[in-house]
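Everything below concerns the one structure shown next.
Letters are used for the chains, namely A, B, C and D, taken in the order the chains are written, and counting of residues starts over at 1 for each.
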Amino acid sequence: MVSVEFLGPIGKSPLQLQVQSLRELSALLAQDPELSAWLQSCAVAVNDVLVSSLDTPLRSGDRVALLPPVCGG
Amino acid sequence: MVSVEFLGPIGKSPLQLQVQSLRELSALLAQDPELSAWLQSCAVAVNDVLVSSLDTPLRSGDRVALLPPVCGG
Amino acid sequence: MLELHQGPLEVSAILSRWYESQKSFNYGAYIPFVGTVREEGGIEALSFDIYEPILQRWFEAWQARAAQQGAIVMMAHSIGDVPVHGSSYISAVFSPQRKVALSLIASFVEDFKAQAPIWKYDVIGGQRVYARARSTPIVGSGLLGGGA
Amino acid sequence: MLELHQGPLEVSAILSRWYESQKSFNYGAYIPFVGTVREEGGIEALSFDIYEPILQRWFEAWQARAAQQGAIVMMAHSIGDVPVHGSSYISAVFSPQRKVALSLIASFVEDFKAQAPIWKYDVIGGQRVYARARSTPIVGSGLLGGGA
């Protein structure tokens, strides 16, 4: 199981999903109408490290986070 | 009479001189061996305004100041 | 040092504490940046969410980058509500050299605005509204958006 | 505000006083620059002479320049001796906008170093030695040096 967390303003409870890669996760999340608008503008972290490839493998216990546009300060 | 003040590290007492322009003053000061080394590196103010022309006229009562290289902070 | 505080920052206390903590270490320049909540658009306050684990990594990367120039960086940020005219953000650079310090504070603050995992909300009539139009997608955003 | 003080600056008090004086005026960014005397070359202190009338004019020109961008500048400097690890110089910018503030503090501090009529001396063994090698001729210097 991989946990997926939605940070900041997305306001959606975490999910537990059975996926092997970010590519798989992407396809799954795109089906959620509540999320599809966010996916275009979110960065993605795996175990708190930002990642840049859809081929990033996921293992059971991994934590994925979606980070919407930021504005600190 | 024009007063000429030597600021900061020059360490020379003010002079009272009878000169009509900065050009005249320049010629006069160049004769002072104590000063000639400073003239190349000093900025010049007349009545506390920095000036850039040797043709700046001087009137009686004007105050000229020589400002050597600076280093605030 | 990265500090997170509930509510507005005590600006004078923080500036003074940071200064005192470093004054014997021969840094020639100390440049803090203090961000204050502006009264505009009828807001009562700004409010902030922070994701601390990634903020901490971002900050550690900046500490390493500053250290390569002999400098150090510090940062404090608010969590939750900060009323108008309160301060929500302070960062600072200490450096032996003036030019390093001036350049570093600018790039540190700009990268903070673009990358730090912090979300801002306008508080209007007691409601918290995501400041979407003023927010910046983190570099690499949209990775999951091209999915089949 | 331009402040000249005998001896080292009370950094925390000045940063706090300036901050408090402006905190209700809706400036989004406050950036002070604090200059500290570094221990190097065996000095005990730095010492400063200031020619105040021209410094005041220089500062007023910067106030006007800052005002055109909706910002304000402040400055404090020491006269006389400032021991190692003491502060001799603080400047600051308040601005509605972050980018204006970051750009203004850099150009204000750099122009200060190049133009402000202040002379620095190393104090070594109780002697005051003009820091000639670290000093910069004011723009237009040498006017009287080409004389016949």
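Definition applied: a contact is a pair of C-beta atoms (placed from the backbone, for glycine too) under 8 Å apart; a residue touches a chain by one contact, two chains touch by 3 or more.
A quick note: this is a predicted structure, and the numbers were derived from the prediction, not measured.
Undergrad: Using mean Cα positions as chain centres, tell me which chain lies farthest from subunit D.
TA: A
Undergrad: If you average the CA atoms of subunit B and of subunit D, how many Å lie between those two points?
TA: From the centre of subunit B to the centre of subunit D is 24 Å.
Undergrad: Taking each chain's centre as the mean of its CA atoms, how far is subunit A from subunit B in angstrom?
TA: Here subunit A and subunit B have centroids separated by 71 Å.
Undergrad: So what's the Cα centroid distance for subunit C and subunit D, whole Å?
TA: Centres of subunit C and subunit D (C-alpha means) sit 26 Å apart.
Undergrad: With chain centres defined as C-alpha means, what is the inter-centre distance between subunit A and subunit D in Å?
TA: 49
Undergrad: Give the residues of subunit D that touch two or more other chains, as numbers and ranges in rising order.
TA: In subunit D, the residues touching two or more other chains are 35, 98, 109, 113.
Undergrad: Note the residues in subunit B that touch 2 or more other chains, in rising order.
TA: 73
Undergrad: What topology does the chain touch graph have (line, ring, star, complete, other)?
TA: Graph shape, chains as nodes and touching pairs as edges: a line.
Undergrad: Touching pairs of chains, all of them, please.
TA: After working through each pair, the chains in contact turn out to be A-C, B-D, C-D.
Undergrad: Under the stated contact criterion, what part of subunit C meets subunit D in this complex?
TA: Those residues of subunit C that touch subunit D are 11-12, 15-16, 19-20, 23-24, 26-40, 85, 96, 98, 101-103, 105-106, 109-110, 113.
Undergrad: Provide the residue numbers of subunit A that touch subunit C in the complex, in ascending order.
TA: 7-9, 22-23, 25-27, 29-30, 39-45, 48-54, 65-73
Undergrad: Quick check on the complex: what are the subunit C residues that touch subunit A?
TA: Of all residues in subunit C, those touching subunit A are 35, 48-51, 53-54, 57, 77, 88-89, 109, 112-121, 130-132, 134-148.
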